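These are the structures, in structure tokens.
Both complexes below contain chain A, partnered by chain B and then by chain C.
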Partner chain A sequence: MINKLIFTLIVFSTIVFSQTQSADEILKKVDANTFSDSQIGTSKMIIHGRRGSRTVEAKSWQKGTDDSFTEYLAPAREKGTKMLKLGDQLWTYTPSTDRTILISGHMLRQPVMGSDLSYEDMMEDPLLQNMYTAEIVGEDTVINRQVWVLDLKSKKDNIAYDSRKIWVDKERNIILKEDLYAKSGKLLKQVLIHEVMKASGRWVAKNITYKDMLKDGDGTEMIIEEVEFDKKIPSYILSKASLRR
Partner chain B sequence: MLKFLFKGLIRDRSRSLFPILTVAIGVTLSVFLYSYLNGFMSDMIKSSAHYNTGHVRIMSQAYAQESNQNPNDLALIGIDTLIQNIQKTYPEMIWTPRIKLGGLIDIPDANGETRIQGPVSGMAIDLFSESSPEKRLLNIKEAIVSGELPKNHNEILIADDFAKRLKVAPGDTATLLSSTMYGSMAMTNIIIAGTVRFGIAALDRGAIMADISDIQIALDMDDTAGEILGFFPDDNFYEEKAYQITDSFNKKYKNPEDQFSPIMGALPDEAGLKDYMAIMDVAAYFIVGIFLLAMAIVLWNAGLMGSLRRYGEMGVRLAVGEEKGHIYKTLILESIMIGIIGSFVGTVIGLIPAYLMQIYGLDLSFLFENSTMMISGVLHAQVTPTTMFIGFIPGILATVFGTAIAGIGIYKRETAQLFKELEV
Partner chain C sequence: MLIPKLAFKNLYGAGLRTWLNVIALSFSYVAIIFLQGLYTGMNDQMEASTIKAQYGGGQYWQKDYDPYDPITLDDAHAKVSDELQKLIDEKEAVPILIRQASIYPNGRIQNAVLKGITIDQNVLTIPTSKIISDGGYIPALIGTRMAKSSKLNIGDFVTVRWRDANGTFDANEIKIVEIMKTEVSEIDNGQLWIPIDRMREMTIMPNEATMVVLEKDSKVDKNISGWQYKDLNFLLEDLRALATTKSVGSSIFYLVLLLLAMLAIFDTQILSLFRRRKEMGTLMAMGMTRSKLIQLFTLEGAMHAVLAAVAAIIYGAPLVAYVAKVGYGLPEATDSMGFALGDRIYPIYTAGLIVGTIVLVFTVTTIVSYLPTRRISKLKPTDALRGKLT
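Here is the complex of A and B:
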């Protein structure tokens, strides 16, 4: 009887240990697929508000996990607006004011261009391993792909989303669905990937819907039109001087 | 007989002085408290109407549901035509559009980069039209601390305390960051024309005022406003009339199928003052009731003491054949006279501080420093025609009740025992 109990305990601990290992491994692979030295891309954001939809187009340059630069190309009112993220600081520039302004405080919680994404979302460390501990909670199928379901719990206090549930493609190591929760357990945002593409040897989400669950409307659709990885980015682009160029 | 009783009261001060003093003190407090409550309510209604809801307010139905968040993405489109129509239909009101906004004000350094920032709440009003009631309603000219009223486009007024915190002065430039009605970031350069003191802590902490046409351009809100406010021309709120107008407007314009169709609400509902106003209506009676009860108890006690002191007098009057009911009636008549005199004295004394507080106000703004309520930090009383007679109700009733209860003892005196008692 005792032997049986010990055996059961050993088997159970092994399963738990192996699952923790695999959860970390999955997260590592997801981050490896996401992370690149640099990234240049153009995207289209279709914002579905209560009064209709509008499309915003942008080109972005990203270096590592800390620095990025975005220039809005359309519509006419947004054209020429630029955003620069250097570490934990975010600046914006609009040609109409010819001012470079630091976005801080409660403005970081405001939506980017009226979308379902906030500036805070842009400021997040994209590497999940740095921010969360993971646990496998099941398996599922999303857009006809077999996925792991992982619960992520934040390691730090000052994180926008205290916990997440992610659905990770078992083969491609890309997140296909994501639920983002507040500390209270309230669902704040939902991310759904409808289409993926392969670029520079890695899987990238091509068509994504972000839905701020606290807002009315049908969410924001993001379409990645073009993306290139590990391309050299001239240093002037990721500097404050480029905002006024 | 009244003259006889009056002379008795004047000559025997122990019968009149203490009861008159008691009534006068009670009535003084009743009159002052009643005036103070009137003033408080009136200040609250005026502040809410001027800075927040008007006497009536038109919004889109969707905006109305979230109006405390100033959701400009749900604002009313086509306001010029709507205002023209309501000016024809309801000419008894003054109509004015407003936009409320939240955002950030950014002050540049010499290189044009951020020197300091602060969260800001903004009110866009019609500052430039000759016919606009806004300058009068918001008392803007008198509220200016430094600088002047905006004369050109993109000039703003800023709360004086806020300006000091940001270390800016009239003539300085700043950038306003907010959201367009479509959610995009809106950045607009502005010039500070003047600083103002609103007298309302929630606004003095961080508010700006700009002309509505500038904000319509900045927030991409052409021919659009968050709210259209309606005011009665004499600036007094007439509840019944306001509800008549809202009912008539909503019958004509409100479309339950269209969340962006306009809806009108009256001040008590819009400012959440309906319950306050109902409580305040009852509060006057409550104050009168409390003082009535307190004074009646004191005067009952005084009546009992008086009865003991006048025990012999009552005995003789009964012994010489005066009816018990007649004696009781004379005591009640005496009490009415005391009530009238005490109430008159109390009303006169109570009106003095009430008038002073009505004219000069009592500055308690230090208590409201962190308040988010739309209420002035300077409290005022308000003297109305009712104030002149409100004190007479507890004043007279308390003396009559007190005497009526204390006088019951007269009926307990046995006539057969009187001579025996009087021999003692």
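Here is the complex of A and C:
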């Protein structure tokens, strides 16, 4: 009986210890899976609006966490529209007006192509470790995968979302669900991953839904069609000159 | 005295032709005075209501604030200086804190500007005393334009999302406690007015403001570090430029109207010269000099302006006096154009405007009347008697 009790205590303390230890580890692994030196991919964004849905296709080049370039390929109305992010600055170019605009101030809060993603969402630091302290709060199942449920609390003042809740695949270290909260605790956005794929040895979300929880509608669906990691990106692509090219 | 008498007799003798010219010319008088009075009234009204509701007696802007550049708004906040705080405490100034936000009325996202203001203030005509909360909610005051665009009514709750001083998102419910009707769209469109103390807590900006609005005739040291003083001349510059543009635009209308009237006078003069050749010859044969003859014909033309002024007074004066009293109703669409006008414009007719218009029309008419008569200087009495114009 005593042996049984000791065994139970050992197992229990191991679980608790491993969980408190592993929250940061999980975050590290998630970031390691997310972060790459560079990333080139094509994607499809399906925006569900009040008057139906529309699809926008784009090709993106991303270097580290700071710089990225996106060119919209379809539909015809958006074709040729480009977006460049260099550090904390974001420019867009629209071929119909032949003008490059620096997106700032209130414009950053505007939805990208009418989606549930705002420009300022694109400006966030993607590395969670830099921004949050994590705590495991449970386990769950999402799209038939066993996940850790983690509560993230911002460790700096200047983080856009004060807290988040993430559901991380135990084996693949990829986030399968994410809730983003305001300081008041109000749920602002939700990210749901419906399908994942493996690319260049990493697990990548293939089908994602972004939903602004304060807004009506079905959110915005993002489908990653192909993605390559750690490919060399020519320097001219991540420059303002490429907007008009 | 002979010439004015003769001129009047001739005019009277021309009958309907004279009266048609007089009526056409009187329209110019009435239209110029009516419209110019309307513009003067409009400008005065816009300035007065903008000063009362928005500019006060001048403003101190935080050094980074630029109302035409929304990029500046994130950084445009600072602790209120001691000098300004003293004025605020003495109720001679009111602080306003401005932050950008998003609201979600009926499940839609809409850009908005959150403006925190002291509730018990009398510097501006904004009904801030109504922004009170009897519960835990954040009370907000909006204008009728904002209420219309966001479809919000008194008692409605709406979610508002903003970023605090550090850039962190926050969101909460705001209750619309009052809808104000204001002529000044700049304090209405897309704006939510909330108590400044609450806003400072929400945004972690203790004792901070974006601007401080002074009471009329407030005396304050104009150089306050970190704040830039903007006097009424600066603040009203755009409004006055708009008024000037409008005035120039309306001048074209007067010019066309005056041109038509002058065309009628000019034609009349040419016709008179042609039809009254024998009369001119007779007068010259009887000893009237050419210059006297020119005077006679010029005076006849110019007297149209005098008669037109009398006609304009007879039917125009009651009209403009009535409009000045009851105002000129504006179509509803004008409200959305951004003019601080309200429902009616009350024209202002000054003595300068009336006298100036009479002098202008009289001068132009005299010049136009004189021009065709120059042919008389070459007239030979013998030819004129035979009905010839040389």
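Quick notes on this structure:
FYI, the second predicted complex is superposed on the first by the 225 of 245 C-alpha atoms of A that agree within 3 Å, B and C clash if a C-alpha of one lies under 4 Å from a C-alpha of the other, contacts with A are read in each partner's own complex, and residues count from 1 in each chain.
Throughout what follows, a contact is a pair of C-beta atoms (placed from the backbone, for glycine too) under 8 Å apart; a residue touches a chain by one contact, two chains touch by 3 or more.
Predicted model only: the values in this text are computed from it and were never measured.
Superposition of the two complexes onto chain A shows a clash between chain B and chain C. In the superposed pair of complexes, A:S104 makes contact with chain B and with chain C alike.
In the superposed model, A:D157 lies in contact with chain C only, and not with chain B. Of the two partner chains, chain B is the only one touched by A:T94; chain C is not. When the two structures are aligned on the shared chain, A:K186 is found in touch with chain C, with no touch to chain B.
When the two complexes are overlaid on their common chain A, residue A:L214 makes contact with chain C while staying clear of chain B. Between chain B and chain C, the overlap after aligning on chain A sits in one stretch of 6-14, 24-32, 42-50 or 312-320, namely 42-50. Touching of chain A by both chain B and chain C, each in its own complex, is seen for residues 104-107, 110-111. On the chain A side of its complex with chain B, the touching residues are 47, 49-51, 54, 56, 77-78, 81, 92, 94, 96-102, 104-107, 110-111, 113-115. Put simply, chain C touches chain A in their complex at residues 69-74, 100, 102, 104, 106-109, 111, 159, 161, 163-164, 166-172. Across the complex, chain C is touched by residues 104-107, 109-111, 154, 157-162, 182-184, 186, 188, 212, 214-217 of chain A. Chain B makes touch with chain A in their complex at residues 62, 73-74, 103-104, 106, 108, 112-114, 117, 119, 175, 177, 179-180, 182-185, 187-189, 220, 259-260.
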